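What follows is a set of structures for review.
Each of the next two complexes has subunit A plus one other chain: subunit B in the first, subunit C in the second.
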Partner chain A sequence: MNSKTQNKIAIGGLYGIAGLVVLILLALLGYILVSGVPQLSWHFLTAPGKAFLKGGGVGIQLYNSFYLLILAMLISFPIALGAAVYLYEYAKDNWVTTTIRTAIEILSSLPSVVVGLFGFLFFVVKLHLGFSILSGAFALTFFNLPLLTRSIEDSLRTISDVQREGGLALGLSRWETVTRVILPAAVPSILTGVILSAGRVFGEAAALIYTAGQSAPALDFTDWNPFNISSPLNPMRPAETLAVHIWKINSEGIMPDAKAISSGSSAVLVIAILLFNFAARYLGKRLYKRLTSA
Partner chain B sequence: MFVNNDVKNAMAMEERHVIKLSDPDHPVILSTEDLHVYYGKKEALFEGDLEFASNQITALIGPSGSGKSTYLRSLNRMNDRIATVTGKIMYRGVDINQPSIDVYEMRRRVGMVFQRPNPFAKSIYDNIAFALRLRGVTGKHKLDEIVETSLKQAALWDQVKDDLNKSALALSGGQAQRLCIARAIAIKPDILLLDEPASALDPVSTGQLEDTLLSLKEHYTIIIVTHNMQQAARISEYTAFFNQGRVLEYDTTSHIFTNPSVQVTSDYVSGNFG
Partner chain C sequence: MKTTEQLEAKLKRRSKAAKLEIWGRLVSLTALMLIVAVVVAIIGFVASKGIATFTSNHVSLWDFLSGKSWNPGVNGANGKPEVGALPMIVGSFLITILSAIVATPFAIGTAVFMNEISPNKGAKILQPVTELLVGIPSVVYGFIGLSVVVPTTRAIFGGSGFGILSGTCVLFVMILPTVTSMSADALRAVPRYYREASLALGATQWQTIYKVVLRAATPGLMTAVVFGMARAFGEALAVQMVIGNAALMPNSLVSPSSTLTSVLTTGIGNTVMGSLQNNALWSLALVLLFMSLVFNLIIRLIGRKGRLQ
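What follows is the complex of A and B.
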């Protein structure tokens, strides 16, 4: 066999494998959307759920998912940013940073159900936070932190060292160089990383089952005092998210239209995550263009 | 006749030839004494004792790995986190290579331009203005004025005066490098260090850059590392020849290029090695 035919066979094989992956993904996505999209309606997206009757919606779960996501991001982003800036811009390569990096690596490969159980024992039980949005947000922070730290560190790595030297040569301190030169230049890629990790957090279920809880008490959307138990802003109330809801009605749902609700919720989840991904690409590209082109 | 030849031979045999400066019009502004640079345990620069005349251009030449860039980067302590630098760097009578020196303040007096143009991901205007704002220069009028003079001194003003708010990353290589020079001189340094500033540029841009440097020496002392010997010959008053981590020869540029005292220098400038 000459090298030309060999090459053709190799290319054919690779095309086949790539095609198979795309096909599986499309089939999965298609199945979820085809069975789920017909269930979607304004009522479904906004109405509270019903435990025994048909016709319930996922309004509260959807709201909870977003609220939890925002809280988790508010907690994890500053920590991840600080850790990444320290690791990449300041820390020297020694055993301390090696240890930190190894810890991050291990934490990022931790199964999310383990994170959830840890969150249950530590936040829910030990710290008496109960099944609450706060417990859930802390658990999600543990789940999200390692990946976000690494993604921000990678963003910093894409900024060339000549930019750092440029800042220092102008008499800027390291801190000024990082905050005025490096971070602004890294914003598009950091933003992309944040949105992508938001998508992952949004779809997370296992870490939340034992922390944010599996019940969605009715909310009064006219009451914005975070200290009232029925207020949407109250961080101490249990809050089932959309992903947890899907898991729950599939394992123990007793409403007559459980299957339809599960399909609809899955479609909402998938569409939301797709939107996150598209938004990440679009915003990243746009920001990059604004910074680089005339 | 016999004596003359003897002297010539003796000079040719001499390993090093480093002059001391004595030009009252251009007093020494910067000098190094017993400078050694170590990367880890490896010594990259063995001895670099040089004096630099104010408002003149001094070229540092030598083959790759001869230590000239290492030497230059030590002068404004850009090697601080990378290498260990021992010895004295005297700037206007102060040793700036001691720990108590405020390096950030010092670098505002001893600016630097790098091999690869490195404009920031900001507008052309902000590339120049933002460091000034950080140092408390406020007021639109004042900033506008400094941006304009800096760009004019760097011979870039006419090309960008209508595009000041556009991103600096859209500039061509030559323009970007001149923006970096404008940015460096906007904070009014005494000394400008340039590390092969033209090596990434085409011949036309290189020519423009050289003209810019020649016009800048009226205000600044310029020390430039270059691989290009014609460039050194064209623009500099003094030239130091580096080889294997040592300054082998330092004299006026005309001396180095027409009548070098050290054999290795002669070999290098005539293109026999390097």
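What follows is the complex of A and C.
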């Protein structure tokens, strides 16, 4: 067999593999959307779940997912921002910095179930927070921190050193250079990173099973006092999210329409992730145009 | 005299900007230290709980790692509690290695296709689709496994359909996008002139890909595969939903079995803190943590070796 036929066969094979992979991936997306979208309705998205009967919705779970996401982001964003600024703008290139980077990498490679178990041990049991939104938000923070830190650091890396030198040459301190010059320039790509990590947090379940709990008590959406147990804002109530709900009803659910509810919930999750992705791209580009002269 | 002293004191005082600088540096350092503290705390807590099985319950490490029957709370024939974790360890490794073996050719083939053969189609179709699929929650993969893969294996091989094979299928699809996009990054890092030099020497496109590009990108490709394996090893819910959750040695690919993560997710809520049953589960978590550190180390070693070349 000469090298030309070999070449043709190999290239053909690669076409085949790539085609197969596209087929698998599209079939996956297609299956989720085709089986899930017909389940979606206003009622499904807003009604509370039913334990034994048909026709329950995922309203509370959907709300919990967003509430947890916002809380987790509120806690993790400032920490990740500070850590990234120190790592990229201040830290010297020595063994201490290398060790810290390694620690962050280890945190990002920990299985999320281990992070969840630590959250269970520390927040739920030791600090007596119980199965609560707060415990869940902390667990999600740990899960999110390394990724967000890395993505913000990458954003800082894209800002050219000319900007830093310019700031320092104008007599600004390093901190002022960072807050007045570098961060505004990095906002678009930081925002993109934040939204993409929000997508990951939104779908996380393993870290939440033993921290935010697996039950979704009824909420009273007219009561906005965070200290009342049925208030949607109360951070101390157990809160099953949409992703946990899918797992829960598939492993121990007893409602007759568990499959339909899981299909619908999966579709909601995937559509939400899609929206996060598009929003990240669109907003990033838009902001970049707005904030720079490009 | 007083005025000069005042002036000196005024000049020696830190300016507002200098104070701000110190404050900012301190705040950002605190944030960084917080992350480090979290890492140390996680490892410390899980390790201290995981070791309790061996220190306070006096189970020998060897019995734990090589025992084949997992039934904490029941004493075995030798009068010691049955905490053999081998079935779970074997299950985890088997499922990880199998899914990596299946996923690697597909992932690297796709990465080569989108980088070397058809960059246009790659950028337009493959890249967005893989990037999107990286973000799909693992429970969704688990649910699809439960409603599509398990019934299919049941129809083909009989039995319950739950088992290593279903788990492998689910993990294969789950790590495929991750490994593909990381492999594509590795190929992209190979300088363009490598390809040009090879083609100029009269090599065909396939020879260039096989003998030059893939060789040059080997460290990056290996990192991608190990990364996928680490993800597969640590995946909990998607696997738990399709593996069958029977803590038995897997005697075939289609018999119900379990992994470290699946036993953890199902067990930890049903045991009492501090009891042997609970401690044994924490020991499993410790094994999981240890393996994730090992994967991390492997990735680091590959990276170092790749840099030297």
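One rule holds in what follows: the second predicted complex is superposed on the first by the 271 of 294 C-alpha atoms of A that agree within 3 Å, B and C clash if a C-alpha of one lies under 4 Å from a C-alpha of the other, contacts with A are read in each partner's own complex, and residues count from 1 in each chain.
Just so we're on the same page, a residue touches a chain if its C-beta (ideal position, glycine included) is under 8 Å from a C-beta of that chain, and two chains touch if they have at least 3 such contacts.
This structure is a prediction, so every number in the text was calculated from the model and none was measured.
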Given the superposition on subunit A, are subunit B and subunit C in a clash or a fit? fit
May I ask you to decide whether A:V37 touches subunit B, subunit C, both, or neither, giving the answer as first, second, both or neither? neither
For A:M236, using the defined touch cut-off, is the partner it touches subunit B, subunit C, both, or neither? Pick first, second, both or neither. neither
Once the structures are superposed on A, label A:A47 by its partner contacts, choosing first (subunit B), second (subunit C), both or neither. neither
Please work out whether A:R180 is in contact with subunit B alone, subunit C alone, both, or neither, and reply first, second, both or neither. first
More subunit A residues touched by subunit B or by subunit C? C
Which partner does A:L170 reach: the first (subunit B), the second (subunit C), both, or neither? first
Just to be sure I read the superposition right, which of the two partners does A:V162 touch: subunit B = first, subunit C = second, or both, or neither? first
Rounded to whole Å, the nearest C-alpha atoms of subunit B and subunit C in the superposition sit apart by 9
Residues of subunit A that sit at the subunit B interface in one complex and at the subunit C interface in the other, please. 172-173, 176
Contact footprint of subunit A on subunit B as seen in their complex: 76, 78, 104-108, 111-114, 116, 118-122, 130-131, 134-135, 163, 166-167, 169-170, 180, 183-184, 187
Residues on subunit C engaged by subunit A in the complex (per definition of touch): 17-18, 20-21, 23-25, 27-32, 34-36, 38-43, 45-46, 49, 105-107, 109-110, 112-114, 117-118, 125-126, 129-133, 135-140, 142-144, 146-148, 173, 176-177, 180, 204-207, 209-210, 230, 233-237, 240-241, 261, 264-266, 268-269, 273, 282, 285, 288-289, 292-293, 295-296, 300
Quick check: in the complex, which residue numbers of subunit A touch subunit C? 3-4, 6-7, 10-11, 13-15, 17-18, 20-22, 24-26, 28-29, 31-32, 35, 78-83, 85-87, 89-91, 100, 102-107, 109-115, 117-118, 120-122, 125, 142, 145-146, 149, 172-176, 178-179, 196, 199-200, 202-206, 209-210, 243-244, 246-247, 250-251, 259, 262-263, 266, 269-270, 273-274, 276-277
Which bits of subunit A are touching subunit B when the two form their complex? 160, 162-163, 165-173, 176, 180-181, 184-185, 290-294
